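Some structures are shown below for you to check.
The two complexes that follow have chain A in common; it is paired with chain B in the first and with chain C in the second.
Moving on to the complex of A and B:
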């Protein structure tokens, strides 16, 4: 017996729209089953996971802090994926962006100037873009698979960061903790409101999402992205270059991941340390797909995924289960999003050995 | 086969009131059809007439909304292609589904039970292909085979299932006259064995030649059933189109103007192991001229088009001149800005993106040449959707493009209508040079005659037109001059009146190669 996916003649529009919500519902259902198996009350567990973080002002601020890097990275990835370039290494570009952006406050801790913050942000974007440029170069030059190269570069970036903060960048007065000196006040990304910690990264994220939505919807560049993503040959006929599109989409998504990296370090952490991200670069892939690769949809899905991080922390405190639960939720969500989409386009058929033989000689 | 019981033979396949609705649109409307055992039955109709929908229902790809299918007198439901095959229906599609990197035997094995050994498949395929006059080497790689040979794989693949009914969709649209003759012999053999053939074609001559009966569809309904041998092509066409097909008119003595496109010493190495290299190609096309390039598929037509269009610029800038300007290294949009327009062979995924709206597909070809009209916002290049939509409307009206909505997806149009749009998209610009590859490939008679007329009119209005085609009827219909491409070499151009079918056949076979036919040296 084997299982076959058969393409459906017609795709239901209703279910295409409902698919993300369906995936969300299935994730909650299976989450409840998981809590029940863990011996917890599923209703109260889900409540403290998904509802409680939304009831307090401070935790809404935390939600914005977590959503900002997810949205920033995911909107860049959406352009990449729409153009059929598969950048999986946003986590690495995030890390390198954080490093290059931190050069100024780490090496010139006494430079007090309002210029320092904009320069840091620009350096962060350049760093992220250059790091994404490596898989782009390898793809355009040697036809390598960018999924593999961008993914492998993540681990290089993380180990490089680890080496930096344990070695040359370590704060001499830091009691041997592997971290840099705290950034000077001019190098810290300010808060948006006085009511909580949420900083400007969230504004950047919304601005990037709106800008890229405008590009994809109204500009020739966005048209070029979709054409090349759907048919390279038709793109060539239109005079668009697939090679230049590799560069454009990789550099764009790298720059936005780099901006997310430096914003996180400057706004949320205040110094550089060995671990600066709970996997934002990978979670952003889920965000991008849950948002249907539409920048406005990504704002919504970014907030949902940010909630799973917060919920994980909350669940640790209030019901005493590991925060790995948030990774489980993210995995469930990606699984259900992709499988809902697959089942909208294909129907599953079981093929038994017997029927197949009859088919051949019948 | 126990078909011949009793004097009044039960039809092998009967269709009663078969209807397929897409929303409120009836693609097939109460169709009746009988196919007797051992007959070659033609299914005629313009594109969009419902032929494909009908055939898809017979092969289990689509489910009918109403009506009945009877197989040897008994009602059946055909839920999937697998069930159709089990009943005894084999299908050869217009677009082949073959893996180029695999061998013939491996491709056949993919559609069969995985337990059958490759050696056995090779043997069976070899013996079948011998028995039916379809020479085929099971060990050959598909990529190395011509279109005709690839079609044979599909036919052998269908025959391996021992079908009682074989459906062929536009089988000769890709074949040379000689290859087509060979196919007809095979069909006669199948018929002699008592198998039935449902033969879908636009080529009326060929339907008259080989088919015993014909059913004509128009707008989803049966408009006629006849014995094609008793009909004339004109009367068949009338049933298909509803009115007489316009004959293509042209001025015999059109005055030729300046040279618009000139190719000299164009050599292009093959881009892939499967491609053809162009060798020393030269040609000149003047204003008012239609140069038709004949040739068997896979002799460098695609490569020549790529070089002329600039989708793949060539190394030597001087090798191609458009309106006197060297453009060998200029890209496609640079050439468009000089007034050139291009229509590639493949509609889906080359000339158009199937999943995009028609208006988007208009922008696809004209984003740079019509920058002023279609884009605004300076560096941001904001698309002016209203301007593009009204241009789309204009083109659809001018070319009589029939479509289901205001601005539907390109993929939802039938082949002929999409092709009319793609050609109209270029004509709308009044190009001073137009290069078209296979302008009416798989297009119905009505659309084809409209497209050919448009090409002739364009030349008459003072443009230079290059038509690359495998269809000799088409070539004689439109051409001022004719050249033949073979193995990447282009022959001299001959005045259309000076060439006979036999002569072209020889050129297509590459006879002129080496020491060319002596008298042609003085032809110009």
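Moving on to the complex of A and C:
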């Protein structure tokens, strides 16, 4: 038996919608098999992984908290990936954004002003953008592969944060814990509703997604992104500059990752510590692809991936499965998304030995 | 002192050389597999677990190779059969590998590992200095050196190697000549996976014989940079691998030296050195667009669907 691909005459709209759902279904199926192999009841395991977190108000708030950075980062990445710029260092831009955004509350803990929060958010965005500007500069100026440089910068950013909170930024009254003083109340991102912890980062995420959806759908800039991503040559004929697009997409995604970073520190944690992210910057890559690089799709996929984080925690407590299972789920999901995307552009035929040809998926 | 440092440099460099050699063959066939980090950590986990269960580090090595090789098949199936985006699939491989290896190794966290013992060559190992450095090493070191020679011969002296390079430079022409592009690429991807798996096995059986989550710590990514640095040539991988290994070990010693001299250098800054060095090296190597263009396999990362 072998698999043969046949290019479709035009992109299949049916499978554009169906492929993420199909990928989700396959991930659940494999997840069930995995739980069964681990000796757990697959149904109850999947239930506590994917349904239980949705049943209570507080955990819905947690869902929004986890989804916010994922969506913010992923919509920025979607613009990068659509324009063929492979920024995979969002985790580093997230970290630097958290650091630059925290400068004010850490250095001026007694400054009480309503101005502080907007300034922090802006500084966070600038920090993230500048950090993403490094691979952009290296790519445009020295022709350096942005995949590798942006990733190397993640490690550097994490080590820098580690040094800061263990060294100059450590709270002298903090019993030697490697963390800064708690932020003053004016520097904490407020909650949206009084019913739970979810804070304004979620609103930022939705706003960013809608704004970028509008840009990609209705503005020339969005068209420029897609054209340059599909064919740099065609873009040149239209007068678009690939070099400028590197800058635009990298700075944009860096700024959004930075905003996610400072929002996380200010809204969810309340101080700076050595580890501020459970890999949001990398999971956001999956979010971007599961959302088919469409900002509105990313809102949905961000919620799904946030659920895998929550489900991992819940399953650890209720059925004693390691929280690493959620990483496996995330990886599997990306695999299935990528394989199901093949159906959008190709007909897949299974060819058995002999002359018998069977068409499986239309 | 110098000898001791050199020995640690060799141990630190071997996994980089191995993983980069495998990726070199994969990339020479025109496939960009960014999942080296994932395959490496899978190799490390499989090797460690197998060695613990059987008590034999050699079975561990075998398990590492198989683990990396089989894991790379996932990448092969997606990018070669289903023509998925190679960059995204490579990332998926890394993410899945990090998760899966954590799952595999979880029960073994904190257990003391079995260290692979060196193979001592009689007489040769008695040569002053060189004997101790070159002829008292473990099997994986010898394999890494043999692979450099072997791959160099294979790529530039053998018929199959020529075909592999032809596929990497123009898959359409190679296909027209009747070379089986997809099959060759599958084999190249698997070879890359096996090498990364062996590199992982070295980490968990030689470098630090224990299982720690994420113990590859970005070495897979450095190996990817190494391939660019080496402009896709095996001998330069050896040189570059040892250069990077030396930077990694050098920063450890710099910390001690600085401490003795009373200079305060934050350890985090020195730990960041290998990553910063990678960026600097990439800049130096890539800034000349023409030579980069000449050296890079022309079909690298481009999808191929055979027309029938």
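The rule is simple: the second predicted complex is superposed on the first by the 327 of 362 C-alpha atoms of A that agree within 3 Å, B and C clash if a C-alpha of one lies under 4 Å from a C-alpha of the other, contacts with A are read in each partner's own complex, and residues count from 1 in each chain.
Note that in this section a residue touches a chain if its C-beta (ideal position, glycine included) is under 8 Å from a C-beta of that chain, and two chains touch if they have at least 3 such contacts.
These numbers were taken from a predicted model, which means no experiment stands behind them.
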Quick one: classify A:32 as touching chain B (first), chain C (second), both or neither.
neither
Contacts for A:192 in the overlay, against chain B (first) and chain C (second): which applies, first, second, both or neither?
neither
Is it chain B or chain C that touches the larger share of residues in chain A?
C
Using the superposition on chain A described above, determine whether A:230 touches chain B (first), chain C (second), both, or neither.
first
Check the residue A:145 against both partner chains and state whether it touches chain B (first), chain C (second), both, or neither.
second
Interface residues of chain A shared between complexes with chain B and chain C:
none
Listed in rising order, chain A residues that touch chain C in their complex are 3-5, 7, 81, 86, 88, 138, 142-145, 147-149, 151-153, 155-156, 159-160, 162-163, 166-167, 282-283, 285-286, 289, 322, 324-332, 334-335, 338-339, 341-342, 346, 348
For the complex, give me every residue of chain A touching chain B.
6, 9, 218-221, 223, 226-227, 230-231, 233-234, 236-239, 355-362
Could you please specify the touching residues of chain C with respect to chain A in the complex?
34, 74, 78, 81-85, 87-89, 91-93, 95-100, 102-103, 106, 213, 218, 221, 224-225, 228, 266, 268-269, 271-272, 275-276, 278-279, 282-283, 286-289, 292, 305, 308
Okay, in this complex, where on chain B does chain A touch?
61-62, 80, 82, 85-88, 112-113, 115-116, 161-162, 309, 311, 331-333, 336, 342, 344, 346, 349-353, 355-356, 360, 363-365, 367-368, 375, 377, 380-383
